[in-house]
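Two complexes, one shared chain (chain A), two partners (chain B, chain C).
Up next is the complex of A and B:
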């Protein structure tokens, strides 16, 4: 019995330490956002009264509303576009599958093996040639269609009852009508998962906007954050406030939709 | 009469099917396959635009004598060998501990451990950079606890800088990998564990003799995903250490970025380097697919 108790104690101790380590840096970040740089460096762990000052200093140094809007617009457009394109394709590959389409699907899946670093130079040249530098279009184009999302929607179409499609055909619905009126409403959870993955990827994207967003007004939050650490003197209160602002939306999504979030992550590896 | 109609219907459906899949296919060919082919061709050139010249294997030969490239490759492999196994073992141990229905506050623990996944790579990198700054929180804490006598310049020393990168990576990705293990553990029939308990196997034996063998496919999967991620490391090394001190944490992607966009652009040479990354990742992804087939 004592051995069992020690074991249980160690279990809780292990989990508590791990949970504390996981949460602490974020907690520290939020607390530091309300403190002056001197207090942050002094190791202060209590909320302070510098939130407003930090906010004023931050907005004087960087156009945060613009960067937030850029990040949001890019992520939202990319999410809507890829959900439409990839769900249509995934449905098509499954419902109308034949040899040719199966082969094409297998080829498309190979695209998932291509690391971004390997294609960023040609992509940058293409975007430059089309005069699309610093635009949402340039941000979105390479991520509208991904092998992974098409695969995700094809898998979900596999569980869609074929009888429903045939019944709808007899009722005179067009093929596109069947997709929109039958498939889309049933597959809401797949859409939610796909939306979370795509939105998060767009919101957090760093390397691609770093290359293409050359105009100051087009910079997204990660780029603005990264710029704030350049220079010799760092105002840690200001910096942590900026990071907190950029992290809040994704933490909110995470806490509200944890289940879809976890499903999205697991699905992303299959 | 019925036959031709159904044939016509079939053709119509076939055309609709192609119309459904063509837009996405064109996009993938344009933004994945065309660029990788282009990068491949580019890697055999010198100069670009009007000055482009076919140069054979010159860029690849130069890679072999490029010490910065070697350093970045060694850095990334160091992270891979030291950080990935520790992280996966930790994730596995956490998932195993969490997978207990009698555990109190289970949902709370899971949420806390999973929370780092909600932060963007740039954001958490900046938090870690600040925590480990010379005048930062970590040094203040260790000085107060009398663990150290003078502040450690974490980010200015090659090994401590590497350590901070690895700590940061572990913080961000352990919960992520834990979710995979947890979902796999929940699929293991509990009666297997119950039988083992009746047979007298202790927790340690159950972990190494049942859990690990049954999770082998997922362990391999997470290992290969982590490998791919580490080979493509960029956001963290740029924002925590900016590759320093003296390239001690420079990643391959960051070196490619520097060659292409920070120094006078050397696209063909950078393309050759990126093609090496592609081959490395390709080999590992092929392994991933083979592992996937065996499941």
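Up next is the complex of A and C:
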């Protein structure tokens, strides 16, 4: 009994320390958003009275609503587009039979191994030649079909009962109808997982928007944050407030889809 | 038929509108630069001055951090899409030569553009020219300063004059007294950052490459001397090493150290805490005593304006720079008081605005002093592999501090740079 208690105590102690280590930076960021730059540099850990000043300075320094909207629009469009394309692809890979599909899947998975920096220049050439610089289309195109998402949807489709498809076919449902009416509702958790992953990647994306979003009006939040630390003098209170604002949408979306996200991860790992 | 005709008309109209917007766009000069309080502000003021004589020209300034400019520049040149670049870009002096040599034809040759480069500080013109050709209009001044807390020096029985025109051994000896009496180190530095070493090296008129562009580390006596000084500063406690830039800034804004040594742009960070107003002073940096021709003057950082060679607005952009950054004392007088943006444009140094006492520095006319320092900075060539060599020196310093002898550490560093140069 005592040994059990000690074991539980140690377990909780370890988990508490681990939770503190992972939550502390976030907490410090929110606290620092209320402090002046000098206080932040001084390592102050208590909330201060500079939130309003920081907010006024930040709005004077950068167009935050515009950047938030740009980030949101880019991330949302890229999420919707890639969810449609990749889920259809993943479904097709699993449900329909073709001799070459496994080879094709392997090639797709290999594409995950290529770092973005390696394909950045040819992509930029394409986007430049199509006159798409500083547009959402340019942002979305490279991430519409990714090996990872197709793989995720294919893994999930593997556990989709084939009998359901056959029954639907007998009932006269078209192939597209089967996908939309049967597959999509059942795979809600996979969609949630894919949505969170793609949205976060789109929201935090830095290198690609950096080279294509060249107008001041098309700048996304990560680019604005980069501007805030590039001066000869950095206002850390203002910076922490900007970072705090920029993480809010991803936190909100994660909390909204948290349950489905966990289910989706487990389902795809089965 | 009528439908087709109307479609044709709409198309013609649309093209016409597009055409007129392109014609308008030709009068817009785009600029990429970083820091709104400093470079962007200077550019805005320059635009105002230029617009007096050319009201139909719009200067569109887009805030872009230096690292991002470099990434975009590299991508655009490699993708053959230089038309995605702006007409004017601000480039760090450290990287200018590498970019000019690596991307030939990208930047306009300004040698015969009518801009008089004799009116700029010598060292700066040296940094912005390659093979005798000028590729950039020099802008901000990175003249090195030694900024010290006069009140702390006084507690230890010194004045600012005791730290002016001195040698490094003198600085260390006095620094030890300050440390003993006040408990405060004189300097702080980001651990293993080669900035201070580079500054000392330039003060002796030497660099990491010789005149032929060959790497010059293993047999560089000045560099060995500088590293010896660095080690002594660190081991004596006169200089404290910190982990990152934020800690470096907070070390003097919180008053845990009694001074700092850097390019004069560091003043913007020094003047933040209200409670230290009037307590600071600025003087020149110590010199190397064993190296012939060593001076008390150097440079750290700084940037210059380049013009895109294939820009349709090339001549307009050059004219704009010639009439403002390379021709208007008024511009430098305007931007100095609020931004502290010090010019390397020598005629501006004679302006009255530079002689105005600075309250934060106890009424010292620091801008006039720093402009004098800038004129005395020895000229060096940073070279194409400047960043690689700097990094290698940073590693060498860490190894020496860990116990390796200086000769071996520099030999290793030289081999690393040679390997990277051959790569």
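Quick notes on this structure:
Convention: the second predicted complex is superposed on the first by the 232 of 270 C-alpha atoms of A that agree within 3 Å, B and C clash if a C-alpha of one lies under 4 Å from a C-alpha of the other, contacts with A are read in each partner's own complex, and residues count from 1 in each chain.
We adopt the following convention: contacts are C-beta pairs under 8 Å (C-beta built on N, C-alpha and C of every residue); 3 or more make two chains touch, one makes a residue touch a chain.
What you see is a predicted model, and the numbers here were worked out from it, not measured in a lab.
Partners chain B and chain C clash in the overlay (superposition on chain A). When the shared chain is aligned, chain B and chain C each come close enough to touch A:207. Of the two partner chains placed by the overlay, neither chain B nor chain C lies in contact with A:75. In the superposition on chain A, A:215 contacts chain C only, with no contact to chain B. By the touch criterion defined above, A:28 reaches chain B but does not reach chain C. When the shared chain is aligned, no partner comes close enough to touch A:157: not chain B, not chain C. Comparing chain C and chain B on the residues of chain A they touch gives the larger count to B. Of the two partner chains, neither chain B nor chain C is touched by A:83. When the two structures are aligned on the shared chain, A:108 is found in touch with chain B, with no touch to chain C.
Of the two partner chains placed around the shared chain by superposition, chain B and chain C are both touched by A:226. Judged by the touch definition given at the top, the superposed model places A:58 against neither chain B nor chain C.
Chain A uses residues 41-43, 120-122, 124-125, 207, 210-211, 226, 229, 234, 236 to touch chain B in one structure and chain C in the other. Of all the residues in chain C, the ones that touch chain A in their complex are 34-38, 62-68, 71-72, 75-76, 78-81, 83-84, 246, 249-250, 253-254, 265, 268-269, 272-273. Listing the residues of chain A that touch chain C in their complex gives 37-38, 41-43, 61, 120-122, 124-125, 128-129, 133, 207, 210-211, 214-216, 223, 226-227, 229-234, 236.
On the chain A side of its complex with chain B, the touching residues are 7, 11, 14-15, 18-23, 25-26, 28-29, 32, 40-43, 85-86, 88-89, 91-93, 95-98, 101, 104-105, 108, 111-126, 141-142, 144-147, 150, 175-176, 179, 203-204, 206-207, 210-211, 221-222, 225-226, 228-229, 234, 236, 239-240, 243, 246-247, 250-251, 253-255, 258, 261-262, 265-266, 269.
Contact residues on chain B toward chain A in their complex (touch as defined above): 13-14, 16-21, 23-25, 27-28, 31-36, 38-39, 42, 90, 93-94, 97-98, 100, 103, 108-109, 111-124, 126-131, 133, 135-137, 140-141, 144, 171, 174-176, 179-180, 183, 203, 221-222, 225, 228, 231-232, 234-235, 238-239, 252-253, 256-257, 260-261, 267, 270-271, 274-275, 277-278, 281-282, 285-286.
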